[in-house]
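Scrolling down, you'll hit the structures one after another.
You will see two complexes here that share chain A, one where it goes with chain B and one where it goes with chain C.
So, the complex of A and B:
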């Protein structure tokens, strides 16, 4: 039982004010041999300062190439409970919203078919069910789908799109992140479940440039809400901030990156033609200022972690696109990007690395977009230009 | 008689609308503004009324028991509606303001901190570590627990100059994408892969393995008639990409694996551009269960930042204002040759100006 686990190092992590994953895993150890042996193997890792998991393993559910991460203990005789410890990635609802009833149903299924352990949530966004045996994968999958749930992505496929809470609870959402996230997920079920890309492709959808889902750091295509017209100003609410002693000069005017705000005790004015939609002033005075009315999103490509060629933050590819159902313009662009990357990319080459290798100019030509100054910090500062237009000298003696 | 149930595939996730609180539906797309009532408690207002959010921490690695405890609280206080944030916090969505304090009391009795809003250290985005991953150089859940035990006070208050986003990744694969966080703890290997020449010829595709190395350190070779690979150890920077494609080249090394500390990254576009994190401390030992060296390093950096930055200035913005030499000076962190980049874009990090502060 839980008290004969002999995990003194891990039990150190039951102390302190932060919620303890050790106490929590222990709470299911009486009913889950997997949880017990996970703790025991982890204790050995803490003693020896190394992990004890084997490298991968191809397992899955019928007809899917993704959504399950195979994992086996390197010490199955010592820790038979985790000899298989596969992960199932369950596609989360847009915005990670749940009802108790729905979550409890998933938990009941997981107690029946798995370890009783989860990650709420994985880095890509999935509801991660952590640890089960190969023979439980298909029954668990079928039980999930009967309740209306499906698996997310893994491997070289479209990964599970995820999004911020958007218009469901935020006044700054510049497009319907929840709807578009659902739309992309449904539109590309085949790309999600059957890996056929060069490498992974992630979508993250943020409703405004605050980017609460870290899309510009973590997704191959970041869809970031933004507006084009004037910031909406409520002058009465502004007067309230002033009356309450808010230091508008120090905390707003002086911190505006383009110096486009003029404000005093009586009034505030914004030169919107010079505003870069950074959200700082709006975040400081949410009752007085709001994004404009002409709303859409900027599309950025190529964010990734260091492996292989170095980390990247997503780069602007479309400065502004209206995003309204049925999102045909966006689907069309996504498919052109995938097609060009599929044809010319290398194995394990993310879209950001691909653009760097073939050059932005070649990439834009390949997907049919015109170059724009918004796509660069600055024009090139080296003169090695591949000129494609030039005059040929006319042959002598021939008439022009 | 057992009835055959039709096997379903490619149905996608359930539609989110069925999980939205009635006030979220009523105010959908028409929210007016929001306020922070106290750390961890937000009030969003639209014409249909105000929705209260109580945000609390979770261990992320959570059992079905824990989730059921949370759903029981949701049933009691928030009509059964709850959500999770991108940083693994749990949010209860309340229509009734009177339920806020009783809910917080119950959470506190369960030792679950309420907070993580605005100028706080929010919950930590992290990876699997020794709990589930084959390539980790350290544990993640344990590091997070040890670090957050020391930073809980910054989670439950909003006393920092700006928000501080802490992330943990247990190897350079960075499943937690720590490269744009205010403070990142990154597990590092420090020795080249060990090649298992017995199993490699059967397990690995040689051209893929050779091509996986960003520094061209891997070459095919033949040992006793079997094709395998060699690694030019001087060129290896322990990224582990070869191990990802070839299981016979493990990097785990208990004596040398450890963590590095990175600072000053940022994702939002507020004021300044999104930025990468930069190296603060190249190596600290793996010292489970509490990683005291890493914990005190992170705490020191956050405390020096808290003392010196201006209001609403993120870690990276503060460092850019005062300059990196002063950052190392104020934090007492040693600057070494390891801080000098030598990979693809190294030159972009070398300074070309004479803007020195003496």
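So, the complex of A and C:
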């Protein structure tokens, strides 16, 4: 460790049983001036109880409006190593599947052109390369693209789509999340790299309602795998669970949110018409139960974190869509949504906030979808709803 | 589009949508959203304009920003 590195406040964060980013950055402080000054500036922030970063809004690579987040030290003379400390977001492969060779190549490039520090991964999903100088952005970008990589999204654009590992490892996947993630990334290259929206737009793809990527809380459009027919039941495997003493009533039947399961020691039955596809029974008895065979996805819109306005959870906009290449039906819907939002949305207004402002009815009319019961987000909490038009028509009818 | 960006420099941050709406208002149906998208692409790729980000993304003239260090 560098001799002049005195960071007692930060070193408090190395205590305890958890991994520490301080230990990680210290481990490279001897060979990286950026890493060393990053710790020193942060220590000063802790001492003074204020941040010393300045936002850089114009740095980037030619032609792209996303993928680089500019950052400068407010104390460049005191901490020259972090005078420039820009972040580069690299578009991750679908499902975050890397080879060791690919990771080594990226890290060699980053040691050459940047701080050597990374964040695996950012909350949008990108591989985040932390800290480089303005003059290193283009050379790093060129080196990355020569190895087959590309930058991800940032700003008011389509953010890098991300997905669960899907059918690569999971038998519950109701569509090929990896393929669709790649398809959206390629289909919408302009939207990814050239900010053209009112604000950011995120896709997250989950292969089943377990939603391992938390798409329904974290993305503007969550594409969640579901099935349309009956849950598959393997009666022999069910018998094995009973034989092994598994308490089906306590762990499955009583936990079903709609009470649509009946079971005893000999048999299990599911009223699929009342199943809300919560996945609980399947997750508790994976050898006996499985998603149905008619598989596709539900499309949900509008989730976001609490930036600008409050957090929102997604709501169903299409209860079931078959998702197979070339995904034309999905592309068509996405483009109608973007066009209507672009035309009528306000600056920095996410799609969920937009729907709340203009109303779901107006939004559906604007994008050409028929209203469906599955779109109801929550029970109505105001009982005083007057159907004036309905009464007027009825009165007219009576008069006639 | 370039003129609009130049006139707004230092006064208002323009988004891609603002430029598209301005072109539609000026040229009506003879210009499509696709045309505007292509024009913006050309402005950026030529280096005459750049993307900026201050809370939301905008299209601006190239300049050295105030926050930049030597």
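Throughout what follows, the second predicted complex is superposed on the first by the 372 of 400 C-alpha atoms of A that agree within 3 Å, B and C clash if a C-alpha of one lies under 4 Å from a C-alpha of the other, contacts with A are read in each partner's own complex, and residues count from 1 in each chain.
To be clear about the criterion, a contact is a pair of C-beta atoms (placed from the backbone, for glycine too) under 8 Å apart; a residue touches a chain by one contact, two chains touch by 3 or more.
Small disclaimer: the values here were computed from a predicted structure and weren't measured.
Which of chain B and chain C touches more residues of chain A: that partner is B.
Within the superposed three-chain model, A:311 lies in touch with chain B and out of touch with chain C [touch as defined at top]. Of the two partner chains placed by the overlay, neither chain B nor chain C lies in contact with A:361.
When the two structures are aligned on the shared chain, A:118 is found in touch with chain B, with no touch to chain C. Once chain A of one complex is fitted onto chain A of the other, the partner contacts of A:189 are limited to chain B, with no touch recorded for chain C. In the superposed model, A:372 makes contact with neither chain B nor chain C. By the touch criterion defined above, A:76 lies against chain C but remains apart from chain B after alignment on the C-alpha atoms of chain A. In the superposed model, A:56 lies in contact with both chain B and chain C.
Once the two complexes are overlaid on chain A, the chain A residues touched by chain B in the first and by chain C in the second are 54-56, 62-64, 190, 347-348. Taken together, the chain C residues at the contact with chain A in this complex read 15-17, 33, 37, 40-41, 44-45, 47, 50-57, 60, 62-63, 65, 67-70. Contacts from chain A toward chain C in the complex involve residues 54-60, 62-66, 69-70, 72-73, 76, 83-84, 134, 154-157, 190, 194-199, 339, 342, 347-348. By the touch criterion given at the top, residues 5, 7-16, 18-20, 24, 27-29, 31-35, 44, 46, 51, 53, 57-68, 70-72, 74-75, 80-86, 88, 90, 93, 111-113, 125, 127-136, 139, 141-142, 144-146, 148-149, 152, 169, 172-180, 208, 211-212, 214, 239-241, 243-245, 247, 250, 252-254, 257, 265, 267-272, 274-276, 286, 288-290, 311-312, 343-345 of chain B touch chain A in their complex. Chain A makes touch with chain B in their complex at residues 9-10, 12-13, 15-22, 24-25, 27-28, 35, 38, 42, 45-46, 48-56, 62-64, 71, 85, 87, 91-104, 107-108, 110-111, 116-121, 123, 130-131, 142, 145-146, 148-150, 162, 164-165, 167-171, 173, 176, 178, 182, 185-186, 189-190, 193, 209-214, 216-218, 237, 250-251, 255-257, 276-280, 283-284, 286-287, 290, 303, 305-311, 313, 347-348.
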